[in-house]
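Two complexes come next, and they have one chain in common, chain A, joined by chain B in the first and chain C in the second.
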Partner chain A sequence: MPQSRFAMLMMAPAMLFLGVMVAYPILLLIDNSFYHVELLKPAVRTWLGLDNYIKVLTSERLEDAALRTLRYTVFALFFELVFGVMAALLFDALGAASRWHRTVFALPLMVSPIVAGILWRFLLIDQVGIINYGLAALHIIADPGAVSWLGNQDIVLYAVSFPDIWLTTSFVALVVFAGLQNIPRDVLDAARIDGANAFQRFILVRLPLLRPVIAVVLIVRGVDAAKTFDLIWIQTEGGPNFQSEVLSMNIYQRMIRYGDVGQASATATLFLAAMVILAVLAYRFTWGKNRDA
Partner chain B sequence: MRDLPLDRTDMRVRLQPTAILAGATLVVLLYALPYVYLLLTSFKPANDVLQIPPSFFPQRLSLENYAGAIGNPSIPGAFLNSLIVAICSTALALVLAVPAAYGASFFPNRLSGWFLLFALVTRMVPSVSLGVPFFSLMRSIGLLDTQLGLILAHTTISLPLAIWMMAAFFESVPRELEEAARIDGCSRFGALVRVILPVVGGGMAISALFAFIASWNEFLYALLLTSQRATTTPIVISEFKTAYGLSWGPMTAIAVLYSAPVIVLSIVLQKQIVGGLTFGAVKG
Partner chain C sequence: MQSKSLLGASALALLLAAGPAFAADTINVLVEAGGESLQKPIAEQFTKDTGINVNFVVVPYAGVYDKLSAEFAAGASNYDVATVDVIWMAKFADFAEPLDALFTDNVKADLAPALLADSQVKGKWVGMPEWANAEILFYRKDLFADPKQQAAFKAKYGYDLLPPANWKQFEDAAAFFTQDTNGDGKPDLYGTDVLGANPEEWMAEVLQAGSPGVVLDDKGNVIIDNAAHLKALQFYTDILCKDHAAPEGAAQVDWGAAQNMFYQGQTAMMKFWAHAYRQSPADSVVAGKIGAAPMIAGDAGIAAIPGPWYNIVPTTSQHKDEAKQFVAYAIAHNALGIAAPLGLAASNAAYASYEDKPGYEHFKPLIQTLAAPATKGRPLVPQWQEIVDQAVTPMLQQALTCKADLPTLLKNAKATIQGILQ
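== the complex of A and B ==
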């Protein structure tokens, strides 16, 4: 059998599956976005043209949800990266002795967001969670009831990201640690001979060499954070007063609670397009930069 | 290289390895604390779970919460559903991904390039954007609230993942191996099955693990596509919250039962998992 036909034969089943289960549903989604379709009456379809898009794009609730998704993603990503890199540097400084530490750090590596969300909800529960008691004992807050993390509209969006940060700092730390291990020792020694101190070595030598690793972490984690649904849902279901409603949740609510398949599809199409464009741009940007180096 | 003259910064760093060790240990303990608290809480009697003020250590030990969790009529069925769906979607993903990744990485051409790119882009698609049309699709073919429907949906997550991981593992296998097997009289397919697959066995195991956990942890598709018969563990956990008021005691127990296998696996296979999560990005 010729090589190309064999390769084709090997790929065909997976292609077929992705075609039927990914490409076709996306076409279905785009198609539905031009119609008025109700969840309970799928057979009745009224052509609307771009009306759904106009409706959702002028919807304040969608605009708020999109901004919240962005704020949530940037906030969570920032702390995951800072904590993760700091932990990785600490492990690297420890050298071989960090094995035990890294094993514990692997603890939440693949824990379900549902469990993390429940856990943190419990830690912050109804203003009487153990965290508030701890903060009160340290006199950081006046009394355990002083801060309602998940009930206060101004901070809830950031409070729901705590489990995300907890869950993912370990991923960032272990990946960046692996990246640090791959930086040749003689490069660092050369920098040391040239008189660079530890901070300068980090900024001028390690950080540039870590760039591809950090780029991958940023893309993978950025996409995941922007898609977040379960972790926030289990904590607040988007409340109070929609203040923790992100895009995924907005689409889910349009579909299930309001039964408007058309508008949900239009929003989901826009979300999908934005994510793919952003991810491809980020990928090309970082990949292109790598090739120069 | 270790004997180089040290500047003052390094002296300071080297003279305080104990400080670094202490700092790292503190960080790690703080990091593990939330989960340890969950674990300890799950062994408290149900009435002590929400005591005021909260105590870190249980005053009395009890298996009441576990009895409450396992005694919930939805739990055994949900665990079984989770297990069946995860095993079947893992098997399906691997059966599709292994030959596809082999074809794409051993015999690359323009088509296989597009194929790998499409698999990568699939990973960027927000689950909700597939979940909305899945609902209509599954309803029209009668797969709503069935294990099969959820298996197919979960495979859309695990298949692209498995394709990329397996492609990375095949990349590290020398091409000569296939040529040698062919010279020895194997067919192209025989070369894959008899010579190449045994070499990437470890890679297949890690890909399977990732596929399994992706399905085990998945929430949104299960929420959209199942309601009773095919409902999985995370959905039942989330309903503990709404339907039973806040029955925190059994909820902590069920959270431990549901996450413990995954945590043990994460710790045991830490190294392989980190490698898999980055698709070999670290090694470049």
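== the complex of A and C ==
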């Protein structure tokens, strides 16, 4: 048997799986986006052409939801990255002694997002939430009702990202920690001999060498944060007054709660395309031909 | 020989084809967890009496809608009965067997008018009520019975302190009980809560104010900007914005948060679903001090938005006869479920059989509220969920910022709803 045919044979199960479980649903999604389809009566389809896309692209609600998705993703990702890198540097400095610290730090990863969402909802909700009681006890705020984390339209989008940051900072820390372990010690020693202090060694040596790892974190966590649904839904259901509504939530509501499969499919298709483009750009930026990493 | 084989094969084919017509050993009932506990004692008795087993498929609240939607879309269902929230009735009406034969005069006479009205979609009896809930008034008996509070209230308002029965009494009591109990200059006890995340309490006040319907009238016209809706919105927001008798942050307060505040002793009164009376946590600071009264009355009297669940028989059921038999049995033996933790029923007779028992003091206020002439269900239109999500709740949350012009909010909500209904 020729080698190429053998290779194809070996790949066939995986290709079949991807075809059935990934390609077919995506094609179905794209196909539905050109029709008016009701969830309960999928056999009744009315061709709309690009109408669903026009509705989506001209909807202020969806534009706002898209911008909020971006703001949520950038905010969550920024803090996950900052806290994660800081924790990874701490673990690295502690060396083998950090084994237990890493284990404890990874515990939030084991918590289901729904549980985390409920937990944080009751931590944050004013009058009842422990966080406001703590802040009031420390005299940071005047009384437990002073900050309405989930009720204030100006801050709710950032408040609902707290559980996301809490859940996944440990993931970022562990990945970056693994990246730090792979940096050759002789490079760091050479920098030290050249007189670089700890900050310079981090900025000029470690950070550039961590670039591929950070890119992976940015792609994986960025896409993950952009499609966050359960964490926010359980805390606010997108409220108050839509101010924590992100795109995935809009797609869910339109598809499942309102049964408008066509328009939800059009939104989801555009969302998918945007995610793919962002991932490709991030990939090229990190591993492009001109990069030596 | 060949003809014998052919006959045998034909008989087998006929048997297989006629399969669903044979009596079933088991029927599958799709239900959420609370509903299973209410119907389990009924199902056990049903099995003893008929020999038909009842298999409950228990899913979370939203799972009932998601699973049924998926199965109806696929055109096949594993479920012979589904217990559904009233808000889904309009969506599932086309996929439910008519239950007209089960609504005998006796059954109709034993159900509150609002529950009967919600049983029908476009003139078809779609679902049989299995249990019904409504928001009633919970209050702190210790506070209302405190002679010092009674004297202070009478001195301030000129009448006796009693559990509020109408809007004025409710507003007075809410303002009165908003008190600084530890002398730090800030209230530690509020009169009540105001919900921004769930609009049903405001809708109840819309009915109390005399509106012919909530958001839509019976002909489907959008009436969210009528005088009663505005009056109710003014009253609803006044508690927070004018009287400051409820905690800030109302926009995101939902039923769970309202319950927590009441059980933590932060509020003196709470309008809440009646079932909570028997579910007060033993370690709550208000345990044993909770009283129950009917929902407050406006110009049109007492009114609430009922929260009933209905048993429907999907058209895709393979055992429709047995399923209908179970649905009829469940309403006839409705009281069997009351001992369950949720402690609810639908029929008047079931509630009446428990109303004088200790621990069920909330049943009389509940029956009175459910049977009130102005009590009415939410409009049974398929777009209801979208209307609530996209227009009603955001409007209410904007109103609770205390900065918005209320008539303008209602007018904008009307335009949004009309867009959804088009």
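Throughout what follows, the second predicted complex is superposed on the first by the 284 of 293 C-alpha atoms of A that agree within 3 Å, B and C clash if a C-alpha of one lies under 4 Å from a C-alpha of the other, contacts with A are read in each partner's own complex, and residues count from 1 in each chain.
We adopt the following convention: a residue touches a chain if its C-beta (ideal position, glycine included) is under 8 Å from a C-beta of that chain, and two chains touch if they have at least 3 such contacts.
The structure presented is a predicted model; accordingly, all values stated were derived computationally and were not measured.
Touch criterion met: A:226 reaches chain B, while chain C stays clear of it. Contact with both chain B and chain C is seen for A:125 once the two complexes are overlaid on the shared chain. Touch criterion not met for A:194: it reaches neither chain B nor chain C.
Once chain A of one complex is fitted onto chain A of the other, the partner contacts of A:106 are limited to chain B, with no touch recorded for chain C.
Of the two partner chains, chain C is the only one touched by A:242; chain B is not. Looking at the shared chain after the overlay, A:40 reaches chain C, while chain B stays out of its contact range.
By the touch criterion defined above, A:87 lies against chain B but remains apart from chain C after alignment on the C-alpha atoms of chain A.
Once the two structures are superposed, chain B and chain C can be ranked by residues of chain A touched, with B on top.
In the superposition on chain A, chain A positions 42, 122, 125, 128, 256 are in contact with chain B in one complex as well as with chain C in the other. Chain contact summary for the complex, chain A toward chain B: residues 1, 3-4, 6-11, 13-15, 17-18, 21-26, 28-29, 32, 42, 87, 90-91, 93-94, 97-98, 101-115, 118-120, 122-123, 125, 128-130, 133, 144, 166, 169-171, 174-175, 178-179, 182, 185-186, 189, 192-193, 195, 197-198, 212-213, 216-217, 220, 223, 226-227, 229-230, 233-234, 247-248, 251-252, 255-256, 261, 264-265, 268-269, 271-272, 275-276, 279-280, 290. Only residues 39-42, 122, 125-128, 142-143, 145, 148, 150-153, 156, 236-237, 239-242, 253, 256-259 of chain A touch chain C when the two sit together in their complex. Of all residues in chain C, those touching chain A in their complex are 65-66, 69, 72-73, 91, 94-95, 186, 196-197, 247-253, 257, 260-261, 264, 266, 382-383, 385-386, 389, 393-394, 397-398, 401. On the side of chain B, the complex with chain A involves touching residues 1, 4, 6-7, 9-10, 13, 17, 20-21, 23-25, 27-28, 31-32, 34-35, 37-38, 41, 50, 52-54, 56, 95-97, 99-100, 102-104, 106-107, 109, 111-112, 115, 118-119, 121-137, 139-140, 152-153, 155-156, 159-160, 163, 187-189, 192, 213, 216-217, 219-220, 224, 234, 237-238, 241, 248, 251-252, 255, 258-259, 262-263, 265-267, 270, 273-275, 277-279, 281-284.
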